[in-house]
Amino acid sequence: MLVVMKADATEADVARVCDWIREKGYTPQPMPGAQRTAVGLVGNDGRVDGSTLEDLPGVAEVIHVSNPYKQVSREWRPENTLVTIAPGVVFGGNDVPIIAGPCSVESEAQILASARAVKAAGAVALRGGAYKPRSSPYSFQGLGKKGLELLALAKRETGLAIVTEAMDDEGAHLVAEYADCLQIGARNMQNYSLLKTAGKIGKPVLLKRGMAATIQDLLLSAEYLLAEGNTQVILCERGLRSFDTTSRNLFDLTAIPVVQSLSHLPIVADPSHGTGRRDKVLPMARAAVAAGADGILIEVHPQPEKAMSDGAQSQTPDQFTETVQQLRRVAQAIGRRITGPL
Amino acid sequence: MLVVMKADATEADVARVCDWIREKGYTPQPMPGAQRTAVGLVGNDGRVDGSTLEDLPGVAEVIHVSNPYKQVSREWRPENTLVTIAPGVVFGGNDVPIIAGPCSVESEAQILASARAVKAAGAVALRGGAYKPRSSPYSFQGLGKKGLELLALAKRETGLAIVTEAMDDEGAHLVAEYADCLQIGARNMQNYSLLKTAGKIGKPVLLKRGMAATIQDLLLSAEYLLAEGNTQVILCERGLRSFDTTSRNLFDLTAIPVVQSLSHLPIVADPSHGTGRRDKVLPMARAAVAAGADGILIEVHPQPEKAMSDGAQSQTPDQFTETVQQLRRVAQAIGRRITGPL
Amino acid sequence: MLVVMKADATEADVARVCDWIREKGYTPQPMPGAQRTAVGLVGNDGRVDGSTLEDLPGVAEVIHVSNPYKQVSREWRPENTLVTIAPGVVFGGNDVPIIAGPCSVESEAQILASARAVKAAGAVALRGGAYKPRSSPYSFQGLGKKGLELLALAKRETGLAIVTEAMDDEGAHLVAEYADCLQIGARNMQNYSLLKTAGKIGKPVLLKRGMAATIQDLLLSAEYLLAEGNTQVILCERGLRSFDTTSRNLFDLTAIPVVQSLSHLPIVADPSHGTGRRDKVLPMARAAVAAGADGILIEVHPQPEKAMSDGAQSQTPDQFTETVQQLRRVAQAIGRRITGPL
Amino acid sequence: MLVVMKADATEADVARVCDWIREKGYTPQPMPGAQRTAVGLVGNDGRVDGSTLEDLPGVAEVIHVSNPYKQVSREWRPENTLVTIAPGVVFGGNDVPIIAGPCSVESEAQILASARAVKAAGAVALRGGAYKPRSSPYSFQGLGKKGLELLALAKRETGLAIVTEAMDDEGAHLVAEYADCLQIGARNMQNYSLLKTAGKIGKPVLLKRGMAATIQDLLLSAEYLLAEGNTQVILCERGLRSFDTTSRNLFDLTAIPVVQSLSHLPIVADPSHGTGRRDKVLPMARAAVAAGADGILIEVHPQPEKAMSDGAQSQTPDQFTETVQQLRRVAQAIGRRITGPL
């Protein structure tokens, strides 16, 4: 931690800061400069809350040097964490699994058709919401437990691993009975009660980045899961809120190499939410693989024009088949491989 | 709803859109233009999900004309809703109540000192967190139930109404036993399980705007509360995430008159979170009252430099006393009154 | 400047950083920490470009401690700069001048009617564009030199000081012949050629904040003017680009006290552009004065519904008269005064 | 254009809007709805400024249906525009040219070393600034005319096409004498005087997206060039301002397929500015090609640690060589080709 003093700070001001640091059990190290003095806090393990220091007379700014997260950092664990959600479906290695399926589970016919189509095209996991966080209370909220049962049925029929969202503590326990991987959605990225519950349950978690979350916020939310002993965490970039409404969201693909430098956790990309428009999913899925994504999430619906939610961003089965073929070529071009048989 | 066709859309494309609209039970109204045709959906009650229309051939864009929210709108209820959280503490009328207190309840001595100080200065409600949503799992998370008991004690001692945050369903029921008004924080603004629970409990709710929430998002989250039958809802502007980190947040005071045009619900402002810096709280609290805020939330700590959280943005009791005096003058200048005895 | 080393940086890495600093003529000061070492650059006068340091092995981050601006800073000049654009029209003191008028100069009748109306209501300066920066090449671009002549006429008729925009070097010289204060618009805030020209001309400049400019960016652009010897600079907050399109812009009133802490230059606010909607101008003008603005800019048009640009955010003369009366009361409540006779 | 009426608008309000539309020479088409009436303006050619309509009683909102730009749109010209800046260096076709070089021209030795290195690696055009827009007046501002002469020398030595920035009208004419393509930087994207000048000069222009510009803003700025008769325009995505400062900018790769749908102009990507960190340039350049970019701009410096600007984001010649090789493989995977001999 570095305490930057104002240009007109007195020696007494500097001494007061040094005393505050000593009181907390650390060693102050003053650094006089041409314009102003700074005081370093040597040996800080990252837990001192420096904001109160900003109130002392003569203090201009407090700069935090240590990262506030620990177990998620690459420094804590240098090698990649591999997250295995089902046999052969591994995130964080050289292979890139594809998770696909509809936004919502709507009916037995719809989810089975979806599962068969995405499996045939090359997906190794099925996504589909039984519980849907919707901006409006009047929008379709998902089939609930019935939806989970249909996902289980689709798994028995196709062998696909299941990824589905939990929205609260009670739901998380129920979802964990049916799913191979719990999804925590963007709107709940900082729902700390839910994070603690999911951490305790211990099943793999796919944690989506909030729509105005910094990468540090995302890593701190993942830290909640690791702090409960759950290291099987997959991060997901799905687009940020932006001033330009041409696209639904602003897809931040640079987050992929940035997270991979800072953390040992795998990061996947969701070009369906990232762009919000079906005709942009293919180029941006290719871009995500080329950027180094450890997995791809794509919304696919057997009849997008009849979908109960997110129809405009769902691919048809034919479009998805073409997408997987192109992703295979891009993955190969950078020395990786889309998970699954060719 | 208006469906804008592409410039090169064929007559068959337009006919297909008209059929889709008829299928949903509405009347299509084509409007040919110089560059392109648009098709109006007449009689839409706001529940048709037009996103799948965007997939039809020849469709360029779907524009939503109806607001997706209903009960929160000024059109639903033209006169202001008055929210009374305790006798004489009313939001939405001509008087402007001040809610003040520390970020966290830390100890009996601290909360009692805070309560007495803010009461003496002119506050009519006490804020203070027993459950704290913190970005890092290693930061102080609040005293929990013990904190709620201390708030109840402070209420008995001072008569101040209590406003405190609930973070999950279980916590909401517990908070409702002690508090006069449940706070739902910015990070949980789209935690729909919590919103439904708080709607059912029926106690007044102070709902904070999320850090990247549009005003429409905020109103839709409030709609979740009203849809459960709870009309006692106070909205709160507390600053948005911004590219400029000079301030902690970007305090969007224009939200005050905008919400007041669109909705009958009262809206208060929190300049402590809105600015993140103690020395900016006074001018921005004045600005909030001048903009027409229906209440003000201010963080006050007896010893900010020893606060366990948010010390840098907490006022001292002396600063708060000065603030209330200035707010009284500004309120009077615009024909309003700070709640409480002079 | 502080160079934060990676956790796994070697002693050789630290030594290399120290050598680099010595090469530039400064003294390195290593600070070992629990997680990582940091190296301070003592005595930096703010001109060392540390970005190349980020390339050295073992370096995690370079943190700049000194402000990159100098002459605009409060540390360079502790007392407020007073900017006088005409006799009695002074920005930066206790009085708050109001600048008002139409978006564009459209005709002799229109600008004279505007000038008389705003003068009668209490404005002391007239705004109005002769050169208009418009997003579309097909929108009205202003009357040019003819517009400047009409502004001069309005000045002779009413005695109001003239504030009008210059868009390029050639235009700046022409504008300077007619205007009391050159305006540099938001889109040109980082047009450094124009800033240098305006700095050399030496007339007072009103510099508007760009729509995605940080406060530091704004101060650095002002520094271009001061670096040419022109200290008569008024800064202006006029709203930022935001993800919420409910308002045209996000009016950042906190910028007012922030700029006043960091700089000695006066800062005014433009609630017309800041909100983009006529019915929001009154409350947000009040808020700006309450926040401490050193002046207010308001768009007024004799017949807003016939305006050639920005009609939706222009007040009528009657609305403006009411606005000035309310601003007088708010200014008085905080111990200031709207410039001009009561 | 669609005029949405308030729910409580009277018939007289609707009639007034219809009259306004007729006055402008268009045909109003009222569309009564369940909640509210809307009035369509049929036949609008896109030039009516509807903002004043928002002032009429009973009007809630005005929605623009026609695009404000014309000649840049895909509807104006369905096939891609090919921009040829030098023999064999064509943007907008199947081949993807790479433009590379240092941020600034610093010396003869530096620019010649850069040119030879990037040519050897596979670039077909040389970038390098002679005029540098810098946030601070105290930063290195470029060598000016001397820099242009050195670029011309580098062209003679290597045969590379030259792309370099112009910052004002005078500079644009000078740059046009030396360069094959004028660059207009992000900060000047809405400097309309400069756009008009560059449009008149008629040389190919590379127009960078402003850091808070929507895609519509970018296309409108390009429209300024086309409106002057210059169709040889290359657009460039280089990252947007964001709330997350982990990267220097937020690289919006979705802009590539979005622009390609809306416009016939080619769009290139600049991962050096887009990410701001040298180690992120390689993966994000790959992502840009995979997303369909029509060209790539990369900063390369023979000794980045000694660069006078942007050292932290410049690749070394070795890194650039590796990058080009990887880009060749990614381009091939999507059926395109990096311009130049293998």
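Order of writing sets the chain letters: A, B, C and D. Residues in each chain are counted from 1.
The rule is simple: contacts are C-beta pairs under 8 Å (C-beta built on N, C-alpha and C of every residue); 3 or more make two chains touch, one makes a residue touch a chain.
Computed from a predicted model, the values in this text were never measured in an experiment.
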Legend entry - Chain pair showing more contacts of the two, B-D and A-D: A-D
Inset, instruction - Please identify which chain has its centre, taken as the mean of its CA atoms, farthest from the centre of subunit D. - result: B
Inset, instruction - For subunit C and subunit D, let me know how many angstrom lie between their CA-based centres, rounded off. - result: 26
Inset, instruction - Go ahead and note the Å separation of the Cα centroids belonging to subunit B and subunit D. - result: 38
Inset, instruction - With chain centres taken as the means of their Cα atoms, state the distance from subunit A to subunit D in Å. - result: 30
Inset, instruction - Give the residues of subunit A that touch two or more other chains, as numbers and ranges in rising order. - result: 46, 212, 241-243, 245
Legend entry - Touching residues on subunit B, where the partner in the complex is subunit C: 212, 214-216, 240, 242-247, 250-254, 256-258, 261, 274-275, 279-280, 283-284, 286-292, 326, 329-330, 332-334
Legend entry - Contact set on subunit C toward subunit D in their complex: 46-47, 49, 51-52, 54-56, 68-70, 133-139, 167-171, 187-188, 190-194, 210-212, 217, 220-221, 223-224, 227, 241, 277-278, 304-313
Legend entry - Of all residues in subunit B, those that touch subunit D in their complex: 2, 4, 6-8, 29, 31-36, 38, 40, 42-46, 61, 63, 65-67, 75, 241-243, 245
